[in-house]
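Shared between the two complexes below is chain A, which pairs with chain B and chain C, respectively.
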Partner chain A sequence: MPNLQPYADPMYFVYLLIALVPLAVGLYFGKRINWYEVLVSLVFIFLMFDGDASHIHQGYALIVYIIWEALLVGWYTKYRQSKNSTPVFYIVTILSILPIVAVRIAGTGLFKPELSLIGFLGISYLTFRTVGMIIETRDGSIKEFKPMYYLRFVLFMPTLSSGPIDRYRRFIKDIEGVPDRATYLEYLSKAVKYLFLGFLYKFVLAHYFGDVWLPYCKSMALADPNHFWSWWLIPVMYTYGFDLFFDFAGYSLFAVAIGYIMGIDVPMNFNQPFRSKNLKDFWNRWHMTLSFWFRDYVFMRLVFTMMKNKWFKSRITTSNVAYVLNMLLMGFWHGLTWYYITYGLFHGFGLVINDAWLRYKKKHNVPHNKFTEGFAIFLTFNVVMVSFLIFCGFLDTFWFHR
Partner chain B sequence: MTDKKKLWQIFGPVILAFGLIGLLFLLPFPLNHMSQQGLREASVSFSDDIIKGQGVKRAAFAKGEKFVPFFGSSELTRFDNMHPSVLAAKYHRDYQPFLMGKPGTEAMIHYMSMQEMQPALDHKKAVFIISPQWFTKDGVNAAFSTFYSPLQLTEWFLNMGKEPTATDKFMAQALLNQQPIKNNDFYARLLNEVKDGHSLSAADLSAIKFQNRILSREDELFTNYLGTNNWNKDVVKQGKKLPATYNESELDRLAVKAAQKETSNNNFQIKNSFYTQRVQPSLKRLKGAQTNFDYRQSIEYSYFQAVLQVFAKEHTDVLFIITPVNERWSNYTGLNQDMYQQSVAKMKHQLTSQGFNNIADLSKQGGDPYFMQDTIHIGWRGWLAADQAIKPFLSSPYQETHYQMNDDYLSQSWQNLDPSQQSMMSYN
Partner chain C sequence: MDVQAEVLQLLNNITGEDLSNQMDEDLFDTGLLDSMATVELLLDLENKFNIQAPVSEFNRDEWNTPNKIVAKVKSLIG
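Now for the complex of A and B:
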């Protein structure tokens, strides 16, 4: 059997789109053929994890993982129907993130590297969805556990490997119903547009930035006799930044488009992030489903807990601490390396500075016009690019030859 | 607006786009035109795409063009004032070398590349420079995937006769060992058929034909051969240093003069830049490092045989040039000269026994002053010596060929035959 990685090459789209035709015809005529959707999803998930030994191994890891998480969520939902103890909630949450924590620690190679074997492509996105469900169950927003719904949500095929991260209740509303014809036509029209925009992003622009220019800039930087600074780091920074955007945004467009064809209103992940006027604006436009997840489930709850327990007197300090912790956690999630963690701190403190500036601006009536706005966009863009240079790990290679 | 109309609005442009792409790829006439200047640049561009592709070769060797294919490897990239491309351009000879080769191109890569240029070889002349360095035990086709293209392979399938020949079967096996082919289920299946001596089914052939059509259009649209400026940078510039009229002894004097100036920083007569960059850093390590090099037993003899089969099939009139190593250098690295000469003798036996008699054997001249440009590549007076064979060969008209091919040269027993121990006489 061939191995098909999602959206990796043009043929994948041919196979997938042909397989989705019956589903789309059904939706057009107002019928959601659930069994067919599950079947197609299973086939394409199977094709992601078959082929060579390492893929098959990941497939088994996925199965074990999903059983573990389903049992946790299932048990907790049952428990929550009668009780609501905070320690139990924390224990369940910790147990649900245990697999990814183990994979991240193993990934450093410092401790039990063999644990990385429990990882698989997409584990972090499955974890986000599951943890989100546990938190909403605690809130009382999710009241019952339906195994089939859980599986369809967490394993939703178009977004399995790299998001976007949907929300359970929103998703379930979609699969329980059928979009009316006008809405579905709107979905199809967006899907076509996003697919072609995604082709441009991922197969043309990301190819040039990532496969052609970036390796060249990197090799020039490495060839620099000065091992602390090279002017070539600047083109490395920009080419990497654009590669990251076009690759990931292209991928996300594909996932959203396929979701639309399947009649699911998958949330968008990017909204012209390089037009952001400040860092806060940036995080409302970049990898949106991730940053909103962190906003809703980490930041807001941190602020709430800190205010409730009166850890700090000032509201400002409270939110600043929450920014830094929130972004630091996001850095840890990317992986336990100095550059991911620095990236997290960079953005955490960046948001603190950003907030301070916005307060200053309000208080002192700083002039605001087209030019200041243009400058703000320019500055934000470059600050973000610097953060990507940290994030990409090339500095690790450049300075420490790893 | 009705729903049907909306559907058209959504999918109409997509269908139209695919239709246009289909037209672009399937229209039966060529879409590009190669200018004289473009071809001239291509002839010295060393672009991988040219070896991979078909369009440039077809244009360069079309009727009325004076380009002659020069097959070889790294030595072709060693431009100096006596390089064949420089001499031909400077003295307005009625041929101009089209350089097919660069570091890494050995017989198997040429074999695949030749599949796309059969009209260029059909009853025409060619020059083939053999580097004995290719003839290592398992061959040196590490660069295969750099120069391979599916277009070559589809051409190979289409060039094949009804029944696979011994060469076809041998090459099918060799190709199946190569990563980019092994990983393609369709090609691997067909090659297994050929390897076992089966001819391809009509359905498979039409699939190949269709692919071939798409691939050759892709080649036509995307081959990049104008990215260099080698014609002006190397050919014209080097030519300016030469006298206006061809004069052998004057050229020899200039060759020595240039070589003296450019090999001043070492005692091996290796070009200064090459010496500082490639030799000096590991000079100590290289002393005696080549004592065990052996070119006498190698699978490359059979890849080379496959190339000869193409020449025989197309009745190509070929001049073979066998290159030496820099003797000053090989004395230092301990390369065995007897072994070298035995391997050359084996190559020459394979050639002459099958009727390939145009051979310029320069292999013994590696010690001549300023014959080599560096460790294993001829330069200055070496190019001039090659010219002594190239010039008369390409100035005379095409000679009808009479090759008598022998498939035994594809056998393992020939590959493994040690010319110092066994007689080559049973291979005739």
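Now for the complex of A and C:
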């Protein structure tokens, strides 16, 4: 059997769209053919993880992972129906993130690199969905565990490898019902638009930025005799930033479009991030399902705990501490390298400075007009690009591994 | 107890604005509420009305205007 990576080449779309026809016809006539959806999903997930030995290995890792997580969530839901102890909640959460923590530690190569064998494409996104469910079960918002629902949610085929990160209760509402015909037709028309936009982003723009210009700029920077600074780092920064955006936003558009065809209102991941007026605005527009996940499950809960137990007198200190911890954790999630962690801290402190500025602006009635707004967008864009230069890891090569 | 007046008072303390004539204003769009202020609001509501509104029950679309917040609080008081 061939190996088919999601959205990687045009043929993938041909196979997938043909396979989805019966499902789409069903939805058009007001019926969700659940067994067929599960079948198509399983076939395409199988095709992601077959072929050579390394893919097959990842497939086995996925199966073991999903059994582990399903048992945890299932057991915790049952437990939570009668009891609610805080240590049990923390233990279950830690056990559910254990696989990704092991994979990240193995990724450093410093310690037990063979642990990376328990990883597979998409593990971090599956972990986000599962941990979100555990937290909502703790809050009493999710009361029952239905194995099939759990699997369909966590393994939702269009978003399996890289998101967007949906929410369980939102997703279940979609699969339990059928969009009415007008809504479904609107989904389909959006799907067509997103697919074409995705093609432009991923196969044209990301191709030029990522495969043509970026390698050239990098090679020029590496050829610079100065090992601390090269002017070529600036074009590396911008080409990488645009490559990252068009590649990931293109991928996300595909995932949302396929979700729509399957009658699921998958949340959007990007909303014109380069038009952000400040860093906070940026995180409401960039990789939104990830940043909202951190906002709802980390930041707000951290603030809630800190305020309730009065850890700090000032609310400003509270929010600053929460910003830094929240973004630091996000940095760690990307991987245990100095540049991911620096990227997290950069954004954490960036948000602290941003908030201080917003308070100053409010207090002193700083003038606001088209020019100041244009400048704010320009500044935010460049701050974000600097953070991407850190994030991309090229500085690691440039400084330490030439 | 007048729930609406109490909620408006809490919102006034948090946002620094009297919202009584902006009952349908989207407080997140205008920037009057953010995640931080939301948590303060949830804690205040918990203290004032003795209601539990866990963070995961907090859906921005259902809590974004003074009117909706009042309605939510009324439904949680039961």
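In this text, the second predicted complex is superposed on the first by the 401 of 402 C-alpha atoms of A that agree within 3 Å, B and C clash if a C-alpha of one lies under 4 Å from a C-alpha of the other, contacts with A are read in each partner's own complex, and residues count from 1 in each chain.
In this text, a contact is a pair of C-beta atoms (placed from the backbone, for glycine too) under 8 Å apart; a residue touches a chain by one contact, two chains touch by 3 or more.
Computed from a prediction, not measured in an experiment: that's the story for all the values here.
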Which superposed partner A:M307 touches (first chain B, second chain C, both, neither): second
Which partner, chain B or chain C, touches more chain A residues: C
Which superposed partner A:D139 touches (first chain B, second chain C, both, neither): second
Touched partner set for A:F299, first chain B, second chain C, both or neither: second
Touched partner set for A:S319, first chain B, second chain C, both or neither: second
Partner chain(s) touched by A:R181 [first = chain B, second = chain C, both, neither]: first
First, second, both or neither for A:S189, with chain B first and chain C second: first
Touching partner for A:V25 - first (chain B), second (chain C), both, neither: neither
List of chain C residues in touch with chain A within their complex: 34-36, 38-40, 42-43, 54-58
Chain C partner contacts - residues on chain A that touch it in the complex: 135-136, 139-141, 280, 295-297, 299-301, 303-304, 307-308, 315, 318-319, 322
Chain A - residues contacting chain B, complex: 2, 181, 185, 188-189, 192
Parts of chain B lying in touch with chain A, wherever the complex brings them together: 3, 6-7, 9-11, 13-14, 185
